[in-house]
Every structure is written in structure tokens, then in C-alpha cells.
């Protein structure tokens, strides 16, 4: 049914003659070519907008430098360390708050008040107390990623199908097993969502710390390129940061699909 | 029994934050730690500075930047989201670009806007708008494509005009998803406001905090952080209020579905 | 007059409907019955103009149907997906009427209220669909169709998602409505009893690629009753005949 209505609203590119599988490539190439042309005919000032083709060439050249790979590695491992710490703490506290009404009641208001504090607001405090190093970067990124993981875990624990818990109880499953075998697996899609959001948030904070404070990583390279007024390099590095974010997103989506194959949203046959 | 249990729960809920704050006050007061000043000093700075002349000189400029950038991106993103959400081929063709900008860590764009637009207010507002655009855009597209085809077929069956369909079927149907995008973007707006004021500004809450840090005025720094927390909380609450007004039907429908 | 002429429909390489020709005379109640997955909904969507056929055509008063015509209303199977959750019952019924220039505000309100009264929903007028039971939601969808004042009412398994008691009530409701407003009804169902109970005529479809297997006139009196009609020997004869036909079995006796 869809294909019949799709033709009418906009005849995009060459209308319906281009197969759909080619569209993402064509669209991306067209956008790149368009900006490239706009710069080359002077519609966009070349001083600020290097032609995209030049960005890609610059990025290619960067791939051959050790400093790029050092920066990428520093960003990646601090991101992974902070996400790991946030996941362990967030899931542990989330399961606790989800399972115990008393713990939930005690900490609910605290969470409600701490959560909306923009983590970046803590940057000055963190660098004063911890110092300008990887520790402060990891601490703040973990702090920021902790909240979505915590909240999603609590949601998930509260969303466990009461029938599933009743069934487990009816079959005489002890409390600890009910938590591990029933509550946790059914909360896991939420935890997965929390970790996915947490991953993006951690990356944001890691890059922020690198750019704002100047801690080694991809962000610091961007900062240096900008300070050196190296426009092509700035753009090429931003391009790299976007590609990094994209691959991390994609990786998590794949991982979730593989681990949560039993969940309805990942079943292919159901539409 | 049950009643007792609930009283305990409510008491715990209210008491814990007070206990934590009191613990901090008791811990910090005798210690005279440089980085963790007594609670009284922080509150004094809060009252004297932030609720004094800084309301106009720093807090208001920050709020203005957020609101301008956020509303600009909301308008652009919903409009663009409609165009892409309604045309399958356009959506497929632009998917990689949208995906790229959605995945790009927003602070990476800060050096770029400084480079191109400088450090003025326009640069900050446009940076916030640019960063907020993509979550709203992606959610608008998802909201529109997620509308049950039966609803749109119903509209077609009953001779509803294209305009009527967009306004009364597609828009309300996509609104829950659009609001989810707005919530994500609002917190991004606060983040971008703060860091752009850290890096280059002559006023604003972020600027005030950074300046306090440079001058080692620690109570002022902490109280500024508290102000940001309050601001984030209020903005979020305001959006949730609007959402619950606009989407009253959605909450009801979701509850009924359970 | 509504006519389906040598209509065929493919989905990609799959041939859903091979060829169907059938005409619907004014004021008659036709039930279309067939095994599940035989393309009943596809046929109805082609008739309504929502889905273009791959071959053949649908004509209404001699003109080909290429988009949903003003003369038709359609009641979908899944009421929870065809009612707008952000509109009250009143607004759902009134929504298709908002561009009607011949109705002023008072006439419009009267039409909406009358239609809701006809389905017994006057009390629910200010509520939202999700505050209603399944049966009441489907009544709302029926009221919306009546208020549209169609010449032809198309119904796509409208009672498939409600419980048995509600289903019987709704069947009698649709018979009452049909007597009150003279309309051509095309009623798709997979329930053989329902098709014989409701229809003046039953069109039996075969498995895909779908063709018409048989067209049966229902010789039951116009007044139907859940108990006496369903005991009528003619009813029993017709339903076993249709059953045997659909199950591809030779009739016994």
C-alpha cells in the first residue's frame, strides 16, 4: 500500500526510477556535491567552509598521523571506562530502587533534584577538585551517563509484567531467583535503552571536557585545529567525531538486536 | 499495617534529602575545606549574587539564549520533519545525513560556530538551535511514520482534505514523539548554553561560574551550579506541564491500553 | 450501482486476487465471506478506492472509482486504530462533516447527535474513544459512517474484535440501521453464520489467488432474529452449504 502513495507527495531526485536502495547513497553524494559546488562558486565563503571533498582528503591525511590515532584512542577508552562505571552503578542502584519500595521512596526526591543538573555545570568544580586529567573526564562522563541508566532500569523494574512474577511465585521460585530470572530479563530492554542513551551522553561529556578544558582526545585536537585557524583540519576532525558517534550508535543497536532477540521490538517476523 | 507502610514511605521520601543536606552541612562546617565550603556560605552567595543583580546581568541572558535557540530549532525541525516524514523517498535519501548529525557529539560544533560566527549572542543562539534540531527532527519523522496507516486511510475515506489530514490527523498523531524530541533537545540546549558561556562569553550563568572558578570564589561557583540545577529543573517542569496539557488524550489512551 | 469488473490485485509477485466480477444493487445487503487470507480486505479496499487494482476496475454509477468517492463510507475492522484518540466521540463523528457546506452548525450538531442516538451512544458523546468498551468504540465508528450519509456502506470484518454477546448486539444494530437508512451494504466477514444471518446475498470467495466461488441468494424473511432465524431450516441449510463450499468438501445429503 505504501508504494502507491509514496509517489505522489514529492518526486524526489529522478522520481520513482531510482531504486530505493540507492537513495541513501545518492542523497548523501548529492548533498556533498551541492555544498562543494556552493563553496567553489563562492556562495559560501571558502575561508569558513572548506569544500566537503577537501574535508575528506584532509581526514584521509589525518588517518596517517599518529596524533589522530592517539586522540581517538584517548576519547574511546575514557568513554568506555566512564560508560562501564555508570552502567555498573546505575544498574545496581536501579535494581535496588526497583525492587525495594523503601529504597525507592528514600532516594526518589534526591534523584529528581540531582538529575536535571546539567552535568557540564559541574566542569569547573570537577577540574578544581580532581584536576585537569583523565580522572575528571571519566568522573564527569560517568556521572552524566549514570542518570539515564538508573532511570531506565527503575522503569524497567517497575514495568515487569505482574503476571510473570505471579507465575514465578506460583511455581515456588524463591525471591532471589525471581529477581534474577524474571525481573532482570524483562527489564533488560529498558536497561539496553538506558545504556544506549548513556553511551551518547558519555561521549558528549568526554568531548566537552576535551574541548572546554583541553584534556587529550579527539575534542582537544579539534580545539587545537581551531586555535591554529586550520579550518580544513577542524572540519575533518568534526567529521571524524560524527562518524565515531555513528559507529557507536550502530554498534549498540546491533548488540541490542542480538541480545534482545526475544523481545517483540526486535522480532523480524512481527510487523 | 498497609497505612503504616505508606506513612513510612512518605516520611522516607521527604526526610532523606533533608538528612543528606544536613549531613553535608555538619560535615563541611568544622572542616573549613577550601573546595567544599560550609553550606551557609554557598547559600549566602546564592542570595546575595544570583538572586541579586545577576538575575538581570547573567541569568536572563542565559535563559534568552536557550529559549531563542530552542524555539528556532523546534519550528525548523518540525517543519523539516513533516517534509521528510511524509515523503518516503526523501526520507530514505536523507537518512544518513540526519543520522550523522544526530550522532555527532554536539560540543564538537562549538569550535566550528566560534570559527564561523564568532562569540556573540547570534553564534550562541544558532549553535543551540543547530544542536537541538536533530533530536526533534528525528523524533518528528519517527512520529509521522509511526502513525497507524488506518488513521490516515480513515481520513482519506471520509474525504478529508490534505490540509485537514496534516493538521488534524498527522500532527496530533506525531505529537507524543515530537514532545519526546523536545525534551531531549531542551536538556541539550542547557548544555550548549553552559559550555558556550564557559568558553567565550561576557555574561550568562556559565560565564559567572567560570569567572568564580578563575577567581577561586568557591561559594559563588557552587551557588551558580545550584542555579543551573534549578533552571534545568524549572525548564523541564515547564515543558512537562505543556506536554501534559497538550497530550492529555495520550496519557489517558496509554493508561487505558494497560 | 456499484460494479466490480474483472478486478485483480497483485502484491509484488504475489497474486492476491486473480479475477473478481460482482455487482451490488442499490439497497441490498451483500456479505462477502471467505477463508482467512483470501484477500477480502484487499477487495474491499479496492472497492473503496483506497487501493488501486492491478487489473480491471470498480465503477460507481458507470464512473470508474480511483479514489474514495463521496458516496461511500467504510467501517474498519480495528476500531482502536480507526478512531482518532485525540478526539472525543462527538468530534470523531463530526470530523468528516466539517467541510459540508450544506450543514450549518445546528444541523451538524443534530446530525451527529442523531447518528449517535441511532447506535445508542448518546450518553458517551463527550468521552474519548479509549474510555469506551470495544463494542462502544465500534458503535462510534458506525455512527461516524451513518452521519456521513453514504449511499454505500462498506464494512471490513467490523465485529471480528468484540466478544460474542456484543457481536450479536452489533449485528442486530446494523440490521436496524440498514432498515432505517436505506443503504447499499457490502459486509466482509470470515464468519459464515454472520454472513447468512445478515445478508440478502452471500458472495463466497475461494483461497488466493482469489476468485468468486459462488453467489447465494439468502431466502430468509427480511426480519431476522438471533434465536428464531438461526433455527430456521433455510438458515441451517445455507450455512452448511457455505461451510462445505469454503472447506472444499462435497456436501452430504
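The chains carry the letters A, B and C, assigned in the order they are written, with residues numbered from 1 in each.
Criterion: a residue touches a chain if its C-beta (ideal position, glycine included) is under 8 Å from a C-beta of that chain, and two chains touch if they have at least 3 such contacts.
What you see is a predicted model, and the numbers here were worked out from it, not measured in a lab.
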**Message:** Among all chains, whose Cα centre is located farthest from the one for subunit A?
**Reply:** C
**Item:** Which two chains share the largest set of C-beta contact pairs
**Value:** A-B
**Prompt:** Between subunit B and subunit C, what's the gap in Å when you average each chain's C-alpha atoms?
**Reply:** 48
**Item:** Distance between the centres, which are taken as Cα means, of subunit B and subunit A, whole angstrom
**Value:** 17
**Request:** Provide the list of subunit C residues touching at least two other chains, using ranges where the numbers run on.
**Result:** 50
**Prompt:** Among the residues of subunit A, which are close enough to touch at least two other chains?
**Reply:** 1
**Request:** Report the residues of subunit A in contact with subunit B in the complex, numbered from low to high.
**Result:** 1-2, 6, 9-10, 12-13, 16, 20, 23-24, 26-28, 30-31, 48-49, 101-102, 105-110, 113-114, 116-125, 127-129, 200, 203-204, 206-208, 211-212, 218-219, 222-223, 225-226, 229, 231, 234-235, 237-238, 241-243, 245-246, 248-249
**Message:** Looking at the complex, which residues from subunit B come into contact with subunit C?
**Reply:** 148, 150-151, 153-154, 156-161, 164, 168-169, 172-173, 249-250, 252-253, 256-257
**Item:** Residues on subunit C engaged by subunit B in the complex (per definition of touch)
**Value:** 48, 50, 67-68, 70, 72-74, 76, 78, 81-82, 84-86, 95-96, 98-99, 128, 130-131, 144, 148
**Footprint of subunit A on subunit B - complex, ascending** = 5, 8-10, 12-17, 20, 35, 83, 86-90, 92-97, 99-101, 103-112, 114-116, 149, 187, 190-191, 194-195, 198-199, 206, 209-210, 212-213, 218, 221-222, 224-225, 228-229, 232-233, 236
